[in-house]
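Letters are used for the chains, namely A, B, C, D, E and F, taken in the order the chains are written, and counting of residues starts over at 1 for each.
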């Protein structure tokens, strides 16, 4: 039995069936990359994995139990990053990071937040309100959560959007390190990215 | 004298100087690709070119006249596409396209809008409200404006974000065709893109 | 070469496009129109609950209450005038439109009036009946609202433009706009009281008309200036 | 392996974090707090302008007007409770938080009350003076607002959660929430009237207290359920 | 001198509360405003001198390294 | 020595000029307040109608006047800043607002304290009182708007628009007594008519008014200086200033 397992998943949006009979399983240290053209249902699949949407058919199990009956226990084990960054325009980068990780169940002090942001290349910008930052910088603030969270499963929807090549490299390292430590990742991206560590599965939609 | 000319441009945001002494000139059929890491001021530069922001120093001339004194005449000649798509969630793709081009000064009928959307790969989705579309599909709706507008200068801020490879190809063709017809393009992107037609300049920030 | 000048579009046309678009958006969410109206109705109906049922007092209060409710209903929906366009980048495109921005703003203010003001005007006689107003007072009330509500939308456009993108804009806008609404309120409610007192509402109504003309000319311009400031 | 369970965080702690964060956001825009307050003041001051200056009538109206204004001020700022968190994706993250969502919602409602309710309570005696209320009536008015405004925030949270992401939510929320506010309004304004009539406000005030307890228990839970529904 | 005694002066013909209430608040407001202005300036100068120190330090570091 | 006025419109030189101007205005304000209060409390005779309560006039009327004058000044400076993009005048407007709001509050407060003994109520909904209250809201709206905007240049311009639009209220306050028949006193000082009140009262009131002017100028200049420093903190001259004070 794998740690995360999706069986026979089907997604219906409006009057359109996006996909059906999707099966996958994920072990510690593995990564699934979801591929597919625009509108093929990648985001929909990821939201199902988080329990934010309910599959029309099939089920998703975590350690063998349906995630819908796990609730809080499951939420404590995942980190989701969607198309929207979830950063507050009026707060500074540090405040955003501290609060978002507190909400995810990990309280960190300003020093630690500062270090994480520094590592994401935001040194010197930690005290600016996020609304004045550039598109890529905002995305980096959101990604900094990955540095401080201690969850095993990361669900990332296009983490590379708006990032420059230096930041892409950074995210790549982060993922590799997470996999080496026994973490798991499900992600989508339209850009090519190659992860050295761990087994990489490919899930093609449409 | 070139058609679009920026001289000695300087940009200050908050207490930070993003760039200074930026010079460029653009002739018919040419493309400028603005490069630079996240937060280096690409978006700020593009907004200056549109007249949405005012440079701290230097000026931007269109056919030799400062764009700030041209106002409407200049706006009639450019099309700007920013990080935000400018599509309304509650309207359908067709309505969005028709209205945004009417605001830009070109009234088109439903047939023409339909064709443009079809060409952007949104066939069958024209009548859905945009809010149910996927990230990439929304971006395509915004890009469809380029097919119907008749402006000479296109200013595009990361047009490729969220697009799959088929859509990237499409945009590439679109740009090439525009350049061949004597149009001009200023754009930023973190992805690699190669345009066959016309002269391509590279502007590196920071 | 591509043509530099756009064709087939002038400023008036553009206002019409904007009005049409905003109405379309309102229709897409028909609830919007209804909810402003219901807000108006509920506020007017709340007062007897808070104040007590004595009919003489209610009759004296009526014009004031209806007008205050209309003013609040109109103000509450100001937030929608520009902010959604701002958030999704449409407003940027409008600023880059080759036509006059004032005309676009005028279009948006008129659309706002059509969606929020007109239903109130149509509803007011019914609400007036609840407060036992005479037929003549009802007529004057409706006429005063008909002249006054467009002024509210026009002045409101300035406030909405100034507070664009500011957090807490929804309440800030009321702070900016309510003091400017007060003359409209005074003369609007005053018209009904004057007619009830047998003095004739003519003077009050013509003052309201003058407010309307002045704001039709100045407000779109001021709002356009404010928009450019807010978007800089 | 990384630890699956988060550490150093329980539900109560989480509410405190949320309150702290919302207060921080409010402080970042100090204007927010002030503007709700001024909205309240302005609405209360608008009525005499519409109704006329006769002091006896104003005195009778006073409790109703102050209560309706408090209700509107509280309702107006409901939009802010969840919508900005929704738009930028923070709410998604909250739903995925391992702790109880009800506690988060409770935190947000309390923060809303601290930012919008408390200033109203503190201001109300001054406004009562403008309407020439007696000292005792002023005391009762303040007490009734102190008990009633948290109920408004708590009930409002349900409405705000249900209308999340709907366009025109700002007005829709009022439609949903106002009917639920009405009992609070009736007993709140009633308390002052009763004390003015020499009947003693005790019964009314204890009813308000009961409302408060019930809504403290039920509203966060209902709002949490609504949030899950809205986000599905 | 139009006042018979100091207590006469303070009672203001029975209107003492109103008259002194006005003047006291007026001068409290004026004093408060002055205090606020000075306070604003003091905190600003403190802030500025911090910036100044740190830039000086940076310069020193540059020259030594 | 010829003064280069144009030079003084730059914030840097105005900073130093204002520094020189503040002491004389402060001294003038102190002396005039002392003289005015002396006349008000020890020279002016008791009013035969209102008794001693009328002595509130010496603070009420200057405060009411200042509240209106300062609003107009604020709107003018803000308008100049908007039209000609002169930073200094916008800073002046920003600096005037809190002082104006304070005087408006004082006019309301002292009026209320005067109203209780005279009219029997702290507050009546009379046109002049109400419009003065609206004036307070306008000041607060101006300040909240500016406080809500982070970028000072945008704050200046947005504030200017709302200040200019709000100017319509000033004639309403001033003429409200004429237009509506109200409880509040009509203008008793005007240029065309000879004054109706005792000359000592009038002198006291005028001296207090001038004192308020002097005070307002001094405190506004002080605030402007602080605002200049805040806005220009990254410029070389502020750095030098800092080096000099260290």
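Methods note: contacts are C-beta pairs under 8 Å (C-beta built on N, C-alpha and C of every residue); 3 or more make two chains touch, one makes a residue touch a chain.
No experiment lies behind these values; they were computed from the predicted model shown.
J.: Which chains make contact with chain B and with chain F at once?
T.: Common neighbours, chain B/chain F: C.
J.: Imagine the assembly minus chain F, everything else where it sits, and name the touching groups.
T.: Leaving out chain F yields the groups A, B, C, D | E.
J.: Starting from the Cα centroid of chain F, hunt down the chain whose centroid lies farthest away.
T.: Relative to chain F, the chain whose C-alpha centre sits farthest away is A.
J.: State the pair of chains with the top count of C-beta pairs in contact.
T.: Summing C-beta contacts for every pairing gives the maximum at C-D.
J.: In whole angstrom, how far does the Cα centroid of chain A sit from the Cα centroid of chain B?
T.: 30
J.: What's the distance between the Cα centroids of chain D and chain E, rounded to whole Å?
T.: Centre separation, chain D to chain E: 36 Å.
J.: Using CA atom averages as chain centres, what separation in Å is found between chain B and chain D?
T.: 45
J.: Which positions in chain D touch two or more other chains at once?
T.: 25, 28-29, 31, 35, 38, 42, 49, 52, 84, 87, 167
J.: Going through chain B residue by residue, note those that touch at least 2 other chains and give them in order.
T.: In chain B, the residues touching two or more other chains are 83, 89-90.
J.: So which stretches of chain F touch two or more other chains?
T.: Correct list: 137, 140, 144-145, 148.
J.: Once bound in the complex, which stretches of chain C touch chain F?
T.: Per the touch definition, chain C meets chain F at residues 158-159, 162-163, 166-169, 172, 175-176, 178-180, 182-183, 222, 225-226, 229-230, 232.
J.: Spell out the part of chain A that touches chain B in their complex, as residue ranges.
T.: The contact residues of chain A facing chain B are 13-14, 36-40, 42-43, 83, 121, 125, 128, 132-137, 139-140, 158, 161-167, 190-191.
J.: Using the touch definition up top, name the residues of chain E that touch chain F in the complex.
T.: Its residues touching chain F are 1-3, 9, 12-15, 18-19, 21-23, 25-26, 29-30, 33-34, 36-38, 40-41, 44-45, 48-49, 51-52, 55.
J.: Help me check something: in the complex, which residues belonging to chain A touch chain D?
T.: 28, 50-54, 72-73, 75-78, 80, 82, 84-91, 95, 99-100, 102-107, 129, 150-152, 181-183
J.: Which residues of chain C touch chain D once you look at their complex with the stated criterion?
T.: Residues of chain C touching chain D: 25, 28-29, 31-32, 35-36, 38-39, 42-43, 46-47, 49-52, 57, 60-61, 63-65, 67-68, 71-72, 76-77, 79-80, 84, 87, 166-168, 170-172, 174-175, 178-179, 182, 185-186, 189, 193.
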